[in-house]
Amino acid sequence: MKSTKFTEPRKLSKEEVDRKWWEIGDFFRRNSLWMLMYCTGCCAIELPPAMTAAYDMERLGMGPMATPRQADILLISGYLSVKSLRRVIYTYEQMSEPKYVVGLGSCPINGGIYHDSHAVINQLDQYIPVDTYVAGCMPNTESVMNGFVDLMEQIRNKTAKGWIKYQENNEWYKKNQKAALGEVIIHDEFHE
Amino acid sequence: MMNSMSNVEFLKELMNRNFKVIETDVIDKYQVSFVLKQADILQALVTLRNAGWIQMSYLSAIDWPDESKIEMIYIFMNWERPVHVQIRSKIDRKDPVMPSIINIYPGAKYYERECHEFFGVKFPGNPDYEKQLILEMWDDIPPLRKDFDPQAYSDRKFTKREYKEDYLVLSDQNSKKEKREVRKERAESLKGGQKV
Amino acid sequence: MLLNILIGLGVAFFGFVLQTSIGGINRKIVGRLQKRYGPKWYQEFLDIFKLLSKRATSHGWIFDFGVIMALGGIIATAMFMPITNNIVAFAGYDNFFIFVYLIAVGMLGMAMSASGSGNPFASIGVMRALTTMLAYEVPFMIIVLTIIKLTGFSSLTEIGLFQQASGNNWFLIALPLGGIVGILSLMGMLGKKPFETYIAPAEIASGPMVEYGGKQLGMLFIMHEITVFIEVSLFVHLFLGGAENIFIFLIKYFLTYTTLNLISNVNGRLKIDQVVKFYYKWPLLMAVTQAIIAIYFGWVI
Amino acid sequence: MASIEILILILVASSIVSYFLTKFNSFAGSVLTIFSTMFVFVSLAYYGFNDALVTTVNLLPGFTFEFTYLGAYFAIIVAFVYSMVSFFHPYFVDHYKYKNAYNMLFLLSLAGVLGAFFTDSFLQLFFFFELIVWTTMFLIPLGKSKSAAVSYFGFSAAGSFAMLFGILVMFREVGSFDITAGLASLSGTNAVLVFVSFLIAGFAKLGVFPLHIWLPIAHGNAPHPFSPVLSGALVKLGAFVAVLALIRISPASTVITAISLPYAHYIIALLGAVSIVFGTLMAIREDDAKKLLAYSSMSHGGYIIVAFSLLDSVAFAGGFYHILAHALASAGAFMAIAAVARQTGTTKMSEMGGIIHKMPITYIVYLVAIISMAGIPPMGGFISKWLIFQAVIDKGLIFIAIAVFFGSIGSFLYVFRPLAALFLGQEFPQFKKIKEAPILMLIPMIIITLLNIYTGVLPNGILGFINKIIIELGFAPLIINSPALTISGNNGLLFPALIAGVFGFGVVVAFVIFILLKKSRQVGLMDTYTAANFIHTEELLHYSVDFYAPLERLYEKYTTKMTDFYDGLANKVKELGKLAKYLFMSKYVEVAIFWIVAILAFLLWGEL
């Protein structure tokens, strides 16, 4: 007699299996976010309290990392000059996927107090995809932490897809980069 | 001190004896400024260096578009006689050319390159004053000239975020009015850092 | 034979799970010491599995092959490791020298892969790791020579049994100078802090690890956990009298690792040449003194 | 059925033939060397292992030969290295000025080696020794530097004359030149004299402290295919002489009770230990890959000396096994470097990088060789080092143990340097065009690699042969094969096949983990972490100069002490020569005539 209690498990298609694995991976990824801190501006001063005893980032499984290859999050804290944008793009492209970008402060959003400077770009998401912005000049530490928690929520909801956007709309991003920077990878005499 | 003359006196005497000083400005007993003719500059620097002003602290320029001049500024320091000396000279703005001083002060190499990038001053004598140093792939007039509009450049070059709606203006909120006025009162009671 | 291999794999896996959990607990302890909340105790598992789930970059076949060789060598070493007197995969062949030299295959694999990435920081990190190894290994080997000479065995289980048979007269106490040298050398082996020269995140961008991300880094993390397991277990068997059963092993292991971690957390970092000078001054002197006292005079407490 | 005499005659004959053949066609002449060395090796190995070498002499009057396991062991190793290296000749001889002489001298030196190992008379031993020294002396200057040969000859001559002195002292006491009988019947002061003079000869050949100066100079500057022979084969002659002195003569001296070792042997072991440490430290700071390997040969020579001076069968087994393991490892490493040198034209590590992408097989050869050299399982070097450690621990030799362990870990440092600087790292643009070495060069390198692995996995067959030597020397044999495939040391068992098997299993497990995970993205070598700087030059991203700078800083002041001493000595000799020249070679004829008369008068003094 065939049991009625247990039905034969349905054979999952390859996409479904992949999706299942992806969800499992997402669980690990959101609980262990390693940051590469690109501290170009004043907002970086909010990170020490976030990392040390006051807010203790490590309890969320976050921590600083040394190189882009190891990191999951690229943290842009503060204004980005044209020169640093080149390096940020280079660094972003070196990171291993999936990768997320967090912009700290108002400068990456709209230029902040440097909106009229010839040396500082105004809108980071024109050049690389940004998953989370933390607004404020400068944002206080609670909002920084909140930004990270938001990113974790986004990963859970599968909306943190910046790196896929960068792959799919690569030409658009490259066009913007070219328009603002001329060329991303440049030669300079000190590194020849 | 070997002689009774003060350092500033010594410096003034030195400069006035050798060059035609257009203007002298003693800021305090550690800082003196001289305005010279462009032709005198190199000679003056050699004299100063021989007199002990061996450290070049600064080299830059100021743009004076109304007079159509660019003013070069050199600052030197003497460790025996602690006086900063500023040498200034105005040069033509249309075609700003200033002979390089790297033979007198080799450290001026990168200052001159920076000055060329930001003000467009040419430094014949410095072999690579035209190479890029700080601004990478710059494509406009030198950015620290007064007729350069950074806002326009930024608008042209970098996309701006466009806001579809106006965000809440906090000053219109009634609930916070009291607090705001208390803050304002307190702010007005303060008098520029000096005790009332 | 197949059973032995399965036991060996079990030991390696046990070592990985044990060290990863204890590493996590230690992170929590350190967090509490610094008045932080600290991460979850299973945080290290999350880190490793996250790394394994990412898409990595590779710099050519030697980059991947080195990682495989590193993990393979370390798994092979761990398979020889006894846990208690009875739980040992290849009884009689748990020779001390196998651990010291088979671990080197793993290290060589990692060094090869790191240099193969073409990053100068990686080569510098490998250089520092090797130099540190040259420093701590010699005093340690002299003390182990003394122990082997005294017991007449080089098998770890036999050395453990020898200590248990003589009324739990651990070599940490019986050879007091040697015990200190053992602890200092173990700190060097684990890369704990006064001797942490090669993973220097702020200085050479984490040294050998600089180019790894994703699965290669995950595999190197697994390798690192098993390496720590091997080194701490070596100490437990050589100096702390082995273990009659698994609970004693766990207690000894946990106490050893935690103590070292606490010592490490109140220390700064030495320069490489300072590390070499230090090891060739005091620990070597102590080791030689201890060896002469114990071997030539036969004075053992 | 092979007679030693026939083999030597074949070598001499083929050397003459190859001289003319190479003149005519260098490729054909080089192939002849391959065939004749291969023939000699195969017949030696086949008949040697089966005890079927005939020692009768029909064609060479005055020569007598004797078959000993000791000599056969050395001869087989040396002939093997010669035959492997001869595969390199077709690609190298054309670069040398006297290519026909190169082939001829190469074969002649092998003939000398065979004679030296199989002779039973000391005079013949001396003759063959000199044959080797003179042939190699003309081979070395075909490489980079002519003065290297002078240094080599100077030290070799010192060794040879020391040996001749020892032989004559022995002859005065014993009255015959027979090796076995002569060494056995020595006693008293004469035994010590012979012991010391033989050891000087052995040290000079083996390049052990304090007679090591020639080793890096000669190895580093010798022709590329000849360096593996020098390091893998000819240096082992010194080990042979040292064995004769340390084990066969073994003069009676007070035994140190704590370590149960005679004073004389302990002092020799200490010299070996100094040699280990010195060679290691010098190798760590060397920039030329061949010189680095030369210093490593010096360090390994120290291991061999330490092993033979311990008077313990485990140590002897370790020493003999180390001779084989080091011959294979250093021949493999030198041959890999020679292949790289042929393709790139340099051996300086600071000038190369990223060769692995173009020469992967050479890289594997080098990798296996250095794993063996550093004494890491599963290669041959581990077995021998393990045996030596066993003996050192069993005797409780603390100070020698420091050197032995230091050398073992230090070797890890220096062998890694060529690996990182030369094969790995950034691929330089000037080396993007090079190709893998030709197939004929790869064949011997692959054979050596396989043998390196074989000696590390299944050492018992070879240890069985070594046991015969140990019994022949009058010691108890090493216990092997109980249980099967294991080696019993003084305080533990070693099961090399198990280690290798488990290692292989571990690699398979790791490979399965690797392959199951997501595939990685391939990026170029220049796309690397640079702290976000744009770097376009490979040299800037390649760390190869002053590799161990922090370590070198600690001892670089003291490195020139020995060379300074020898330079000083050389200057003294030169001054003496100048004085002689001033006295005898004056431009005035009268002075010369005066001295001739004076010397004649002096010589005739006793007669008149």
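For clarity, chains are labelled A, B, C and D in written order, and residue numbers in each chain start from 1.
Convention: a contact is a pair of C-beta atoms (placed from the backbone, for glycine too) under 8 Å apart; a residue touches a chain by one contact, two chains touch by 3 or more.
All figures in this text were calculated on a predicted structure; none of them were measured in a lab.
Connectivity note: excluding subunit D, the chains that remain are still joined by touching into one piece. If you compare C-D with A-C, the chain pair joined by more contacting C-beta pairs is C-D.
Legend note: the chain whose CA centroid lies nearest the centroid of all displayed protein CA atoms is C. In terms of their C-alpha centroids, the spacing between subunit B and subunit C amounts to 59 Å. A separation of 35 Å divides the Cα centre of subunit A from that of subunit C. Chain centres here are Cα means. That of subunit A falls 39 Å from that of subunit B. Contact of a single residue of subunit C with at least two other chains is seen at positions 53-57, 205, 210-211, 214.
Of all residues in subunit D, those that touch two or more other chains are 521, 527, 529. In subunit B, no position touches at least two other chains. Pairwise chain contacts in this structure: A-B, A-C, A-D, C-D.
Listing the residues of subunit C that touch subunit D in their complex gives 5, 8-9, 52-62, 64, 67-77, 79-80, 90, 92-93, 95-98, 101-102, 104-105, 108, 111-112, 115-121, 123-124, 126-128, 130-131, 133-134, 137-138, 141-142, 145, 148-149, 151-155, 205, 210-211, 214-216, 218-219, 271-273, 276-277, 284, 288, 291-292, 295-296.
Considering their complex, residues 131-132, 134-137, 139-140, 143, 148, 150-151, 153-154, 157-161 of subunit B touch subunit A.
Contacts from subunit D toward subunit A in the complex involve residues 521, 527, 529, 532-537, 540. Residues 258, 354, 356-357, 360, 363, 367, 371, 374-377, 382, 386, 389-390, 392-394, 396, 398-399, 401-402, 405-406, 409-410, 412-413, 416, 419-420, 424-427, 489, 491-495, 498-499, 502-503, 505-511, 513-514, 517-529, 531, 541-544, 547-548, 550-551, 553-554 of subunit D are the ones that touch subunit C when the two sit in their complex. Put simply, subunit A touches subunit C in their complex at residues 21, 24-25, 28-29, 31-32, 34, 52-53, 56, 58-59, 61, 64-72, 94-98.
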